[in-house]
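Both of the next two complexes hold chain A, though its partner changes from chain B to chain C.
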Partner chain A sequence: MAEMIGARDLVVELGAERGLFRRRAGVRAVDGVSLSVTAGETFGVVGESGCGKTTLARTLLGLQRESGGEIRLENAVVSGVAPSLARRQRAAVQYVHQDPGAALDPWWRVGATLAEGLRIQGLTNRTEAADRIAETLRAVGLDPAFGERYPHELSGGQQRRIGLARILLLRPKLVILDEPTAGLDLSVQAAVLRLLRDLRDRFGLTYLFISHDLSVVRRVCDQVAVMYLGRIVEQAPAAELFAQPRHPYTRALLGAAPRLDGKAVAPTLRGDPPSLRAIPSGCRFHPRCLHADMSCLEREPVMQPVAAGHSVCCHHWREAA
Partner chain B sequence: MSDMLASAPEAPSLMTVRDLAVHIPTDAGVARILDGVSFTLPPGGSLGIVGESGCGKSTLLRAILGILPKGARVPQGQVLFQGQDILKTPVRGRIGFIPQDPYLSLNPVFRAGDQLLEGMRNHAPGTRDDHRKKLINLFHAVQLPEPQNALDKYPHQFSGGQRQRLLIAAALACDPDLVVADEPTTALDVTTQREILALLRSLISERNMGLLFVTHDFGVLSSVCEDVAVLYAGRVAEYGPTGNVLADPRHPYTRMLLACHPDRATDLIGIPGTVPAATAQPPGCRFHPRCPISRPNCAVAVPEAVRIFDGSRVACPYHADPLPEVALG
Partner chain C sequence: MKRLLRDPVACLGFLLVVFAALVAAFAPWLAPYPDDAFDSHLLQRLKPPSAEFPFGTDYLGRDILSRVILGTRNAITVAVSVVLAAMLIGVPMGLVAGWRDNWLSDVLMRVTDVFLAVPQLILALALGQLMAPGLTTAMAALSLTYWPFFARTVYAETRRLRGALFVDALAGLGASPARILLLHVLPNAAPAILVRATIGMGFTILTAAILGFLGVGAAPPSPDWGLAVAEARQHLPESWWFATFPGLAILLLVLGFNLLGDGLRDVADPRLRRSRK
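Moving on, here comes the complex of A and B:
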């Protein structure tokens, strides 16, 4: 199947200074990430805050310049160019902000916000723009009259829909959804997830789905990558990852999610993730890992295949299973 | 856990909310935010309040904490805390509060210690040195790293999970009998959330405190609370032991809401319509415009709480009727 977006050994360094007099190493927010997202699928990225999910998204989007590695978009290499050009090259990639309320200008009617995107993309004909906006609002399940409203007149679910309409107008191929259900009530969340699925089928979209809600990820994603401190530690089809997690971190993460029956299924993960400024030696998960031994301190594990489409980055995944 | 019905004998209670209504006048008319809310929390008990945004969770908390917004009226009802109506005579220092957002709840320009000691100065006996000692002990209890130095640190020197530990310590600082928590883990990662919830559970039960826990996460609810009250549009739709309500929900709203949970739903459908505005509550049962099994009578009569078994009630006369499959996904 065709690849929509892919990355090989992607490295993103943040906060580095390379001046004449001051040199300072940055932190590697993304440190050697390789992934491949097939067209038409929903690819989930999960992990704790600070693991590099959002930086990865910004880099794929072209807002953040990569320090190394390669990004492919529809089999063409799009990395290694200046940010302004990168963003233009990647117009097929669009991003839905985590907090759609904050992403809307409170002084603008939402219709004006929607039209701005079209204007930037070069559509100046007002009637055509108005038609497309009305059509898109209907596609996200809103009446075209919503264009006359101000952001504060919308509920949380309606703001999400506007956030989606805003990028659908630009006819994207890949949509990066950053925590698309954070802060939504259950009933609204269900409606938004259903809408996302319908839109994907209707417009032939591919989703990169960033979330820390594992119940939702399990529900909507085809593939899932688990990130820890800038690395992907496990990747598998969603059904397999949730049924047979191999990496100790994945197990702990899945086990920590609160369950409806109130039962605890895995030992808790102790402590916070270490800082990116002091990444542990060897396997970067070893200080929090129940299975760590000397080899984990000394050698950094590499990705190993477990089954078809399932790979894990751990020395001991066989024993730990 | 005690029964709600007025005829039942009074069990010892830490907090009893009886027929509470809170109205707030607005430009669009009177917002009837709470309307006849009743529940009882026994000493050492834990009650979860669940419901969607706009159902009155926050107003209920504010009424209990005595910080209702200006202009709010309480036309009926009582909030009895250890037998005393706190709507008339506010209690100080005996109810601890854990806020929702650990990032917004500490002032970034003051040291953590100064902010925590400020509350204790007014509400806890003893000198400032006693208070400092007490806080350091609490920091040990909430497993804050370097408890000796934590008082002198600024909020940005703590991670999100550590700030929430700090705020739990603050809530316990005056030895309250009741702790009220407003979605204390929504801003945290699942791994941190689990540690914080385990910590909260053990601290509360060690000290035999009551816990009122507001959440919209049923998973969190089932790991923390013995009982649950499901609020809808300012009324209690269903009340009972958490395990029973989650395994066998009776009110159509609870049934449909639980069917929206990604772990439960076979298809994602949501609940048609939205929670009504507090200024335009429908007559009769407030859920009837969205209810798939509503009958003409539902638009007229306010449903009485029906007792299912001791300690469990549901505000729907048709709770035994099956819902159409399409409504449950």
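Moving on, here comes the complex of A and C:
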């Protein structure tokens, strides 16, 4: 299968300031991430808040400039350029925000916001734009009359559909979905996920699905990567990852999901994730890991294959399993 | 707008401003003696208020009511043009400085701070000495000292809005900074700019009147309010009406703009909105 987007040893440093009077070093929000997303699949990225999921997405999109490593889009290297150019180069990649309501300008009617994306891409013909907007609104299950509304007049589910329509208009190939189901109740969540699947089939999309809701990831993703403090610690096909998690962190995450019968399936995580400003030595998970020993403290583990398409970044995955 | 009308104090300010604007627009037809802006009638000088001259006459025998009415146009023209000029300088500077944290932003804001530190009256007096004293000089000086307030307001708003998700989403779609700033940040900053402009109007009228009083603003025989108060100084306290009515006009118009500005600010700021209830 052809690769849609890929990254090798991607490093992103955030918050480095170079003002006239200020100078400050940044933190590494993404620290050596390699991944490869096949065309047509749904690739899930999971991890706790602050693990670098959103930064990874913004970097792949081109909004955030990488400090090191390489990004490939359809087998062409697209990294190493300034953000303004990067966005134009990567028009095939689009991003749906976590809170699509706040992603709409409150002063603009929804229709005007939708038309603006087309105008930015150089479509100036008004009737053609109006036709495409009506068509896309119908594709996401909304009446074209919604174009006349203001963002605050829409419900959460409707805002999400508008957020999708906004980028579908631009005919993307890869859509990055940042927490697409956060803050929705279960019935709306199911409807949005169904819509996402329909749209993927209809427009031939590839999804990069960022979430911390494991039950949703399990349902929709083909591949899943688990991130911890800016690193991918485990990656596998979704079915295998949920059936046989290898990394202690993955297991703890799966165990942390609440269960109705009250039984814990795995030991839960201790403490909070450390700050990005003070990343632990060796394996960055060792302070919270049940299997940690001296080697974890001293040596940084590397990605090792476990099975076909399944790799894990841990010294002790064999004993821990 | 509806919320503004529910606030009686802001409503009063709004009415005062609208009334002044109407008077200014129709001044030549409203004034009982429109020629009294320039004609003098020495035989009827310093007459107290009567049916013929409701506000009395000044030291050249001119009807004070007519001159107050004719002066309204002057005051409002000065206020509007000074505020517009200040906005033309301050708003773009605030937008540019607020958009990115770089050396340009630092330079612009330090320049703003320097201008903010110069007292308005002193700069106006200095300019008046350098150039010919007159209304244009006064207006130039006021614009030069008022724009930093706009630059600061817009700077703060731009900084707030550039972190907003919808700005991020636009950047994600590939929108240029110019498009984002002019079509999205500026409209969202408009309430704050409007509030600042309204309060600035009142402030400008007051300062322009002070300049007129000090002799750096409007020159005789212009029917300027501040100038009228200055001329009346020598005839106090006997001819109290000469100073009182132009002064009252200044007071009411400034009060109107300030009350309206306060009301607008309350409407625009949701945090204050809650505390008012």
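What we mean here is this: the second predicted complex is superposed on the first by the 310 of 321 C-alpha atoms of A that agree within 3 Å, B and C clash if a C-alpha of one lies under 4 Å from a C-alpha of the other, contacts with A are read in each partner's own complex, and residues count from 1 in each chain.
One rule holds for everything that comes next: contacts are C-beta pairs under 8 Å (C-beta built on N, C-alpha and C of every residue); 3 or more make two chains touch, one makes a residue touch a chain.
Everything quoted here is computed from the prediction, not taken from an experiment.
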Exercise. Here chain A is shared; do chain B and chain C fit on it together or clash?
Worked result: fit
Exercise. Which partner reaches more residues of chain A, chain B or chain C?
Worked result: B
Exercise. Regarding the shared-chain residue A:Ala139, is it in contact with chain B (first), chain C (second), both, or neither?
Worked result: neither
Exercise. Touching A:Arg88, do we find chain B (first), chain C (second), both, or neither?
Worked result: second
For this session: State whether A:Leu63 touches chain B only (first), chain C only (second), both chains, or neither.
Result: second
For this session: Mind working out whether A:Pro106 is in touch with chain B, chain C, both or neither, as first, second, both or neither?
Result: second
For this session: Please indicate which partner A:His97 is in contact with in the superposed arrangement: first for chain B, second for chain C, both, or neither.
Result: second
For this session: Would you check which partner chain A:Val216 touches, where first means chain B only, second means chain C only, and both and neither mean what they say?
Result: first
For this session: Give one of first, second, both or neither to describe whether A:Val12 is in contact with chain B, with chain C, with both, or with none.
Result: neither
Exercise. Between the C-alpha centres of chain B and chain C, what angle is opened at the C-alpha centre of chain A, expressed to the nearest 10°?
Worked result: 80
For this session: Figure out whether A:Leu276 sits in contact with chain B (first) or chain C (second), or with both, or with neither.
Result: neither
Seminar exercise, completed: After superposing the two complexes, the shortest C-alpha distance between chain B and chain C, in Å, is 11
For this session: Residue by residue on chain A, keep only those touching chain B in one complex and chain C in the other, then list them.
Result: none
Exercise. Which residues of chain C touch chain A in their complex?
Worked result: 101-103, 105-107, 164-166, 168-176, 179, 183-184, 187-188
Seminar exercise, completed: chain A contacts chain B in the complex at 48-49, 155-156, 183, 185-191, 193-194, 197, 212-216, 218-219, 252-253, 256-262, 264, 268-270, 272
Exercise. Can you name the residues of chain A that touch chain C in the complex?
Worked result: 17, 19-21, 61, 63, 84, 87-88, 91, 94-95, 97, 99, 102-108, 116-117, 120-121, 166-167, 170
Exercise. Which of the residues in chain B end up touching chain A in this complex?
Worked result: 52-53, 159-162, 186, 189-195, 197-198, 216-220, 222-223, 242-243, 246-247, 256-258, 260-265, 267-271, 274, 329
